[in-house]
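One chain, chain A, appears in both complexes that follow, with chain B as partner in the first and chain C in the second.
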Partner chain A sequence: MKQEELTTLNSYLSFSLDQECFGVNVGKVIEILEVPHITRIPKAPPFMRGVINLRGTVLPVVDTRLKFGLAPKADTINTCIIVFSICIGEEQVMVGALVDAVQEVFEMPESELRPTPSMGGRYKAEFIRGMARRDDEFIMVLDVDRIFAHEEILDLQLDLEALKA
Partner chain B sequence: MNITIKTRLIIAFVFLIGLTGFVYYLGTSNTNELNKQINFIVDKSAEKLLLSSQLAEDIQFITKREKDLILTRDRESLQELVVETDQRISEMYKRIEDLKAVEDEGGMEDVAILEQKLKEYLKVNKKIRTLAYTINTDSSSAAAYQLSTTLARETAADVIDFAYFRVKNNKKELKEVDVMTDQLFEEGKNMMLTSLIVAISIALIMSFWIITSISNSINKAKSALKSVSEGDLTVQIDITNKDEIGELLQHLKGMVEKLKEVIGSVTSAADNISSASQQMSSSSQQMSEGATEQAASAEEVSSSMEEMAANIQQNTDNAQQTEKIALQAAEDIQEGSRAVNQSVESMRKIAEKITIIGEIARQTNLLALNAAVEAARAGEHGKGFAVVAAEVRKLAERSQVAANEINELSSSSVAIADKSGRLLEQIVPNIQKTSRLVQEITAASLEQNAGSEQVNGAIQQLNQVIQQNAAASEEMAAGAEELSSQADQLKDTVSFFNIGHSSFAQSNRSKSKKRHHIPVVQLNGQSNGIPKKGPSAKTGLQLDLNGHDQLDADFEKY
Partner chain C sequence: MIEHLKQKYLEEAHDLLLELEQTLLLLEQNPAAAEGVETAFRVMHTLKGSSGMFGYQQIGELVHLLESGYDAIRASGSPFPHALLNLSLEAVDHIRLLLDAAAAATEACQTTHRLLLKRAAEMLYEVVPATDSSTAPTRQELTSWALLFAPQADLFKNGTNPLYILEDLASLGQLHTFADTQLLPPAQALDPRCCYLSWKLLLVTDAPESDIRDCFLFVEGSCRLELHPLGPGNCLSSLSEPATAELARQVREGLSWEQFLEQLQQPGAAVAAGPGQLPTADSLPEAEGGAAGLQTRGAASIRVASDKLDDLMNLVSELVANQERLSLLAELSLQPELAGVAEEIEKITRQLRDKTFDICLVPIGSMLTRFKRLVRDLSQELNKNIVFEAEGVETELDKNVIQNLSDCLVHIFRNSIDHGIEGEQERLRKGKPAQGKIVLKAYTSGTNVVIEVQDDGAGIDLQKVQQKALQKGLIGPEDTLSEQEVLELLFMPGFSTAQGVTAVSGRGVGMDVVRRNMRELRGEVTLSSRQDAGTTLTLTLPLTISIIDGLMVRIGDTDFVLPLSFVEKSYSITPGQLSAAFNNQLVLDGEPMLYANLADAFGCPGVGRQSFGVVVKTGQQKMLLLVDAILGEYQAVLKPLGRFYLEQDFLSGGSLKGDGTVALVIDPQKLIQDIIQKTAISI
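Entry: the complex of A and B
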């Protein structure tokens, strides 16, 4: 399936972080993993949990709680890693994100996405594509590309590649 | 009289001894005097007589020799005659000396005269001797003869006469002495006779005095003793003299007084014994009855004790059973505890398994999510699969929820089972303690059982003792009767003595005789059906058959 098609999908994966519920477009999600052994990387920024071995590929794992500036919390049984495929420029990069729990995959037309109220808050509005209403709660739909297209991750990616080489 | 017999006898004997001594003194002095006279006779008068007569003889001898001297011519014979004559003369002088030694003053003069005369003769004799011996011629002899027949004869006769006069004189003296001794002897004899008569009369008087006083006193004592021996203690003993017999009478009086007291007290004691033995008899009969009741009570107690023993035995059995049950319960509870522990373990295992199921459900959920993601990414093509995946996810979620619920439930039930196990384990020591306590109860009741058996034995012994007591008290009653009769006999015996108020003892005796009753045994069934033995076989029983009870109603009375 093509990248364009994928981005236009109306299915979202919802997950919870702290007490909030977030959603991402299924097109960005490659798979969901249980938390395996994470190899820590020295001198990496705190939100970088480390790397894991995903079927031969080195996958950097980001602690989303730290990334979002939430209090760190020990992993539970429900803690999962969501493997995202993000576009940095023309390049497709895989990044693992530690989330508290994965909830479900749901369909929602694009029209139901409401814009984020510009009133500041905890999360930067540029990372949020919109708010969706699901049952009685709001789901913040995230723009994964923007969140993870960060220099540090890129640097890390580069470092890893260099290490590999 | 206050002189004791001893003193009296001493006085009498001393007097008699003194008198005897006096008589002895008299006799001795008399004999001494006589002895003196005899000595005088033997030593002096006889000596004087002898010497005087010898002197006379000597002179005659010398004159004879004088004649011979004149007649003899032979020188040798003359010599011999001269020697003989000289010897005789010296003897004569010696005799005169002896005479001087024994002679008294009057006699000395006579002796001097004798000596003078002797010397005159000897002068003549010397002349004759000179003529006859020294000259020794016929003429001288004739002259001598002349001289001899004249002067010599005269002087010699003078000496001889004087000597014989002396002899005569001495004989007279002896006669005087004889008269004197006769007089002395007579005097002594008379004196001794007088003193003897006096002594005999005094001895007679004294012996009469002593004998009469002693016999009087002894007669008094004899009569008093006779009265006492006949049992008459009322005899009056008056003591007049204070000699030994008087003392004896005094003591006899004391003895009679004492005897009187003793007899009086013996009589009263015998009375007391008699009444006391009556009381004792009745008391011992009461005691016998009491002992019988005691025996009945002891019997009841014994049966009660046996019942108690049976109860105790039952208690023991129950306690033993309880102990067994408690032990069984403890075991069961331990078993239950183990079962609970096992069930807890099982539940834990179930919880584990459920956890696995939950894990599986979670993984299934994840897989379903992945599948859903895949399906969503597949777009229109994955729509059906997405539905399936969603369903699977829902199922997985439900199963996870269910697993969680089961987990919770199992954990809570594990907690409950744990608690119940703990409780059961807590119960176990309590039940064990109960078991121990029950064991102790068993032991205690076993001891009680033994104790009750002992008590039973003791009561049996007590019963025996009571029986013995009953018998003993019956014997005692008999003994008391016997004692009473003995007391009477004693009184009879003692009544031999008359102590002045015999009427009292007599009346007492008759009274006691009257009191000598025979115990009445009433056979009217009032004594709990236990037959009473008679108080004694000796006295017998009086049977009172007039009482009535229910038992008698079954019989006809004739």
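Entry: the complex of A and C
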């Protein structure tokens, strides 16, 4: 592989949530953690799972299943926390996202990201940067800045219902 | 680079203005203090110089006019005119505005500027001619002097050009300069920012010694200066060309000051010695002592950017948290050496923590100038006669606390001056001294710092407060309130008893803002008052805001920290007591006590068994909080929970425990307020 090609390549981390597979640009990922003891914060919305100690700082942890409006599920041995560094306005904020399992890091040039279908898609286009084809699977590449800057549950459900209707 | 220097200039300018303000306020008390005028003059001169350098021409022109006024007064020794003082103080405020580019550009600012310039020019006209006759320098006989001028290497940093000083000297009379280039390094090692030169000078002048010393006024403390009279008359007339050249050569090669004098006084030497040429007793030690004193002071304290201190503080907090973890691991470990090391590290960490806290502490005295100024200006504006006194100014507080505190105190002072202290006539009628008094007392009590602001004014009219509260619908007509409860009304948002809205206070913001700000600092404010005897406001603050002594309790599977400063007592509670509870009250030690189950308050009812109660007191409110277990005392390093948990404002933050998990630090004031509001609605 030539040097120029390498620099244009993008790396993505894929993880699973429920039956779906999602991807995020590794540039946004700080690290991946096992699930430690999570301290619940009283009176916070359920998708805000709580806070953990990340080497001396208090890191908020979001339960991504609940955030995406999926059914809650008990943590398993595969459950882990992806630590993201996201931009909210001018600010760089760290946030942990609880996912069912992380899968792999794969490389793919930005140009191979396919646009999300504007009609009839399962997910709102504004939170998705594109679709990546991986073997026989499609992976939804998420725009994490937008997703976590949003303070409410993302209404993926609504879209689903709209689809059914 | 230039931005960096400019930043430095701005910092320095603010410092200079503060110094000037302090000096002016001192001058007001003692208008005859010559050194005050001197200091003011010097500060202004420095400010003028650097302002010009960084393109703040407007500051330069204003300061120049004022400086000339001070110079005239300084020279004539006439008493300090009060009008100039007022003008200077206004100028100080104005210059602060000018330093802020955005504020300086406004039309209002520019108008003030023109006005001030005009007034300054008029002032100068008044001051100068009046002094002219007296300043006409008392011309003396011609005298010859030998001088040593050895600047410190960092002379250039203040923007001083030593050649100008030599020019000034030359204007006094006939001057011979001999430069000592001994210290000059080879060109490649030369640092252009350092001054390597010193000078030996011969001067024949009819000016008095003070005039000669004045030439060095602005380098005082940053140079070695020796002044040695060679005798009356022109002793240099006999100095021949070759003799001068020879002397110059010797000086260049490092002739010491003593040798230089010797040379001059040798019989048959170049200079005809006159009588009385021993160094004057004061000139030598004074100059040296002064310089040395300044130098040690310079080294004893340094200026550090405040965000560096914040960084240091954060690191130390992290270290404290990690150290606790290490101790826990060492305890569990079977290796005896590890326990020893852990203990040692614990000791060092504690010392490091205490020292770092200490560094971040600032004496309360550092913000007093602002209040002195405020009291002075406001009392003049309102035509009241008020004196301000401060006790315990050496009491120290965290620098971040001081910053926020000073805004609160401004509110409080405004209130005291505007509403509290009566006019002179009224005071005399009440049999009080005509001069009102505001006293600020600061002292440490436990881990808290207490600041009291006392005035001897009219006190608070409880009836008026109650009427007003009734008007505003804050209380009902049938409510009977205790004295304390009435005073509490003053802290309610939107409450203001001032008859009219004045420019000074009475805008309906004030005490509630003070209370809110104090709570942000985890402090408390209380009020006491006696009719016609005065009002006292008491502010209680924690020493630092980043580390809290707390009591760790458990609710469900989560640990919470209650700040110890709010905890009064704890009880063991039996289920029987709870079932006998009535109207949210438990009877403890024969007294009914309002209680709340924290598990309910936190929205997880039915969790745990409420077997302990902690009595928490915030202000006048006491409440028993039920918890599952009390785990013990705990030193919590406060960490913010971040933007995702802004809604949960009954928590002041999180704290990392030794086992690596997070405990939540409760803000008792907010929590109890929330609980009371909620129960009030549910009734």
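The definition used in the following text is that the second predicted complex is superposed on the first by the 138 of 165 C-alpha atoms of A that agree within 3 Å, B and C clash if a C-alpha of one lies under 4 Å from a C-alpha of the other, contacts with A are read in each partner's own complex, and residues count from 1 in each chain.
The rule we apply is simple: a residue touches a chain if its C-beta (ideal position, glycine included) is under 8 Å from a C-beta of that chain, and two chains touch if they have at least 3 such contacts.
Just so it is clear, the structure is predicted and the values come from calculations on it, not from any experiment.
**Student:** So if we stack both complexes on chain A, do chain B and chain C clash, or do they fit?
**Tutor:** fit
**Student:** Quick check on the superposed pair: does A:T39 touch chain B, chain C, both, or neither? Answer first, second, both or neither.
**Tutor:** The second partner, chain C, only.
**Student:** On the A-aligned overlay, A:V51 touches which partner chain: chain B = first, chain C = second, or both, or neither?
**Tutor:** Only chain C; A:V51 stays clear of chain B.
**Student:** After superposition on the shared chain, which partner residues are touched by A:E104: those of chain B (first), chain C (second), both, or neither?
**Tutor:** The answer is first: A:E104 touches chain B but not chain C.
**Student:** If you stack the two complexes on chain A, which partner ends up touching A:I88: first (chain B), second (chain C), both, or neither?
**Tutor:** Touch partner of A:I88: chain C, not chain B.
**Student:** Classify the contacts of A:G96 with the two partner chains as first (chain B alone), second (chain C alone), both, or neither.
**Tutor:** Neither partner.
**Student:** In the superposed arrangement, does A:G23 touch chain B (first), chain C (second), both or neither?
**Tutor:** neither
**Student:** Superposed on chain A, how close does chain B come to chain C by Cα atoms? Whole Å, please.
**Tutor:** 19
**Student:** Touching chain B in one complex and chain C in the other: list those residues of chain A.
**Tutor:** Common to the two interfaces on chain A: nothing.
**Student:** If we count contacts the way the header does, which residues on chain C are in touch with chain A in the complex?
**Tutor:** On the chain C side, the touching residues are 318, 321-322, 557-559, 601-604, 639-645, 647-648, 650-651, 653-654, 656, 660-664.
**Student:** Where on chain A does chain B make contact in their complex?
**Tutor:** Residues 1, 5-6, 9, 11, 13, 26-27, 29-32, 34, 77-78, 80, 102, 104-105, 107.
**Student:** Using the touch definition up top, name the residues of chain B that touch chain A in the complex.
**Tutor:** Chain B residues touching chain A: 362-363, 366, 369-370, 372-373, 375-379, 386, 389-390, 393.
**Student:** Within their complex, state which residues of chain A touch chain C.
**Tutor:** Residue list for chain A touching chain C: 36-37, 39-44, 48, 50-53, 56-58, 60, 62, 88, 91, 93, 95.
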